[in-house]
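The chains carry the letters A, B and C, assigned in the order they are written, with residues numbered from 1 in each.
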């Protein structure tokens, strides 16, 4: 970030999406100079080596200068635009633009680190991979869903790392972890979660789980409730019977881009997020030896016939989650530790979820409910700022 | 020539068995010759009659671990390695019930389940292949040996010479059987083969070379037995040269104007079946009645094969595009 | 977990991982270990360009040096494949096919059909091709069209380290004979490759760059040259879609046709000579099946109808370059009736 002469000038910077991201490219500006924006408004479409996304405004204000041109590479945290009130002088703005341009033009230094090293833990003979960011604060562990990996948190992990030590793991059968999942039971997945906490030496941690990862963190919490500081469940599996069986089987069975793309589009409210690169990356993962077996083994646990095969409500009760203190379904948003030291729970769901219906959020009794508009099954990718806020508020309730 | 072969005792069953196979080949080939003349059999057909002792003398030493590769004149090798004559006949007639479902024909009859790696339309096509099957047997430690049958024509092909070198270099359990029937198509081997004998070339590849009377089953059996035992024991390859003649032309329809009387002489004086019969009846190991019974049995068998082949369905349009790949 | 390794290392890793996984996988070829029978090291070379170096000691008895007898050892690989092995034979330069072609196209390619579906021949023949090393007329040809013509063979032409590893693993696991073409100028390029084993399906082209104005269909080394041209063209406002065929047999017709349906313009870039080449094959495909989408005549960029010359001055003119590709793209975008 470039220091500016006038603290009323607020820089908009290139975000870091994924721990290894060094450069981003603006493919389109949604706003222009002179536009007023408020927090959460779309500012620009940005493309990295791995993903395309839309940058949302963190602050409100007037866009006074666009610094980065469409199509040019900008180092992470480089200033791409300036917000400032009308009375900031052009001279001050131009000076700030000049400094920002110098950063962009310098590019990424040759010796720049490509993100934190991937760490591994041996959990019951399985190699479990995880990567972390952040130096201080509580440990937050992010657990992805079926067919995903730690990179699905790419819009969240770095921002959360400003306050916490944030780790994302690859579940067995996924990412860089061992592909063998055995029977694919929640026990195996929960073992990976606690195994990583052990490797980190974390006595207590905040767990964030998405979809199948939601059930996995609940299973881990049920094993050792005292270790869990808070639980944030994003579209978690196991709180109802209904699930999009066509999606799950389609994902497991797809052999080609043609088969996979229409399946993956069901994940998002905004289907344009499903780029060729995203589909190619998923295919490359699916083609690794052992992944096909892993996905089908997990499918056998996720599904019981055409219904969900996982009971997360029971796990939540065992974990002493928000609803377990007997406060009931009406206790939403109660905040803080409940009776008996219940763990604060927040459930986040995209209203347009086509994989697991958002209505199942109701079954997460005692939790704080956050339903997100214009989001499908991947709200942490479609509206990361809102999911980040939900996580941070849930963590705050625990402390 | 190995005129005086010290015979190992072969049981009566064994003797009857090898006679049955030689007679089957003869009957099969004589019948194909006759049927070809009627115009019912399509394509190119090369007959093995006269050379039976070679295929049977060698293959009677082989078992299911072993593989052979054959030539365009391959019917005898197929039968000697156990390929079903009914399926062979149907194949020669281009029928769907044939060994290759009518897609191979006389020159490409194969049955890998029997260790028969195919008749081969390319002169010298087989020797490299059996280096591979021999290598597989050696790596897997099965004790299997592989045999390449090839003619005097193929003895001049680079593939054959390269393969003999490779088999020696890799010390493979491989046997090279040169069936020198005197002619590559219409060209005499006395002209086309630069050495006095094909077997002489073995020395150049560091392996034993043995000249065998190809009309004498017992001579072939003995020489092959020794070579095969050596190969199985890790002693490497051997080149056997069978000297004999074929009774028919290069292909059916060949007027054989390049030949002069040797077929009549061979049929009368050297024929492998006659010599075999004379010997086993002389020693009393088999009675003429035993042999006659086999002859009658085989005549019925081949008659049935021809009738079945003629009655069998032709392949259909659906068969045209199948089995190009395992998966494409 | 992916990391950057070279095309050479990717091929080596595919061989090593498959040999580890399946003991029927064996490797053979001239100098594949190197030094056989010589007084010095017995893993001296690892093939002329070092691709197989190190396998000899890791897999005793399964890396075989051969005499310079392509007919015999290519045929032996094919024979071993019919007998339960999965041999990977190295035909050092594809130019040497002339001394062993019979075993490939008359034997391996035809067994299954000719024997009525009763043969399985899972052999891989790795071979080096392509111009650019001043290796002259008998060590530089791009002969994949000849093999593509033959039913029963599969033909693979990886352009990147990722594709090289995944396609070679697929080739080894495949039950049909596969010709695996390695461009000699690509061995030192690097790219991300997962450490894990993975097989990429044959007959699936890769869209390596998306664009709306012109489709460039290409393969092998020419993928990189085409991408270079596409970069230049983008600066001039022409957006190219670059399709890497990856395998020429089987051929992914759908991806080619879909791309041309989107752009309406086709340039085919192929290092082979122009007659009866992949370029003519793709041109015919598009002319037959996407004629209605074409907004301009198809352009082909090939090497000329000459042997590969030796002199660098000549060879540099011989190999299709980005400028020729860009010119062809400009021709199709600028075309009007």
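Everything that follows uses one rule, which is that a residue touches a chain if its C-beta (ideal position, glycine included) is under 8 Å from a C-beta of that chain, and two chains touch if they have at least 3 such contacts.
Not measured: the values here are computed from a predicted model.
Chain C has its Cα centroid nearest to the centroid of all protein Cα atoms in the structure. When the C-beta pairs in contact are tallied for A-C and for B-C, the bigger tally goes to B-C. Distance from the chain A centre to the chain B centre is 71 Å, each centre being the mean of its Cα atoms. Taking each chain's centre as the mean of its C-alpha atoms, chain B lies 40 Å from chain C.
Contact residues on chain C toward chain A in their complex (touch as defined above): 1, 162, 166, 194, 196-201, 204, 206-207, 210, 254. Per the touch definition, chain C reaches chain B in the complex via residues 26, 61-62, 64, 66-67, 69, 71-85, 87, 99, 102-103, 106-107, 111-120, 151-152, 154, 174-176, 203, 250. The part of chain B that touches chain C in the complex is made up of residues 67, 69, 98-104, 108, 110-113, 117-118, 120-122, 125, 127-137, 139-140, 146, 158-159, 162-163, 165-166, 169-170, 322-328.
Residues 118, 129, 175-176, 179, 255-258, 276, 280, 284, 287-290 of chain A are the ones that touch chain C when the two sit in their complex.
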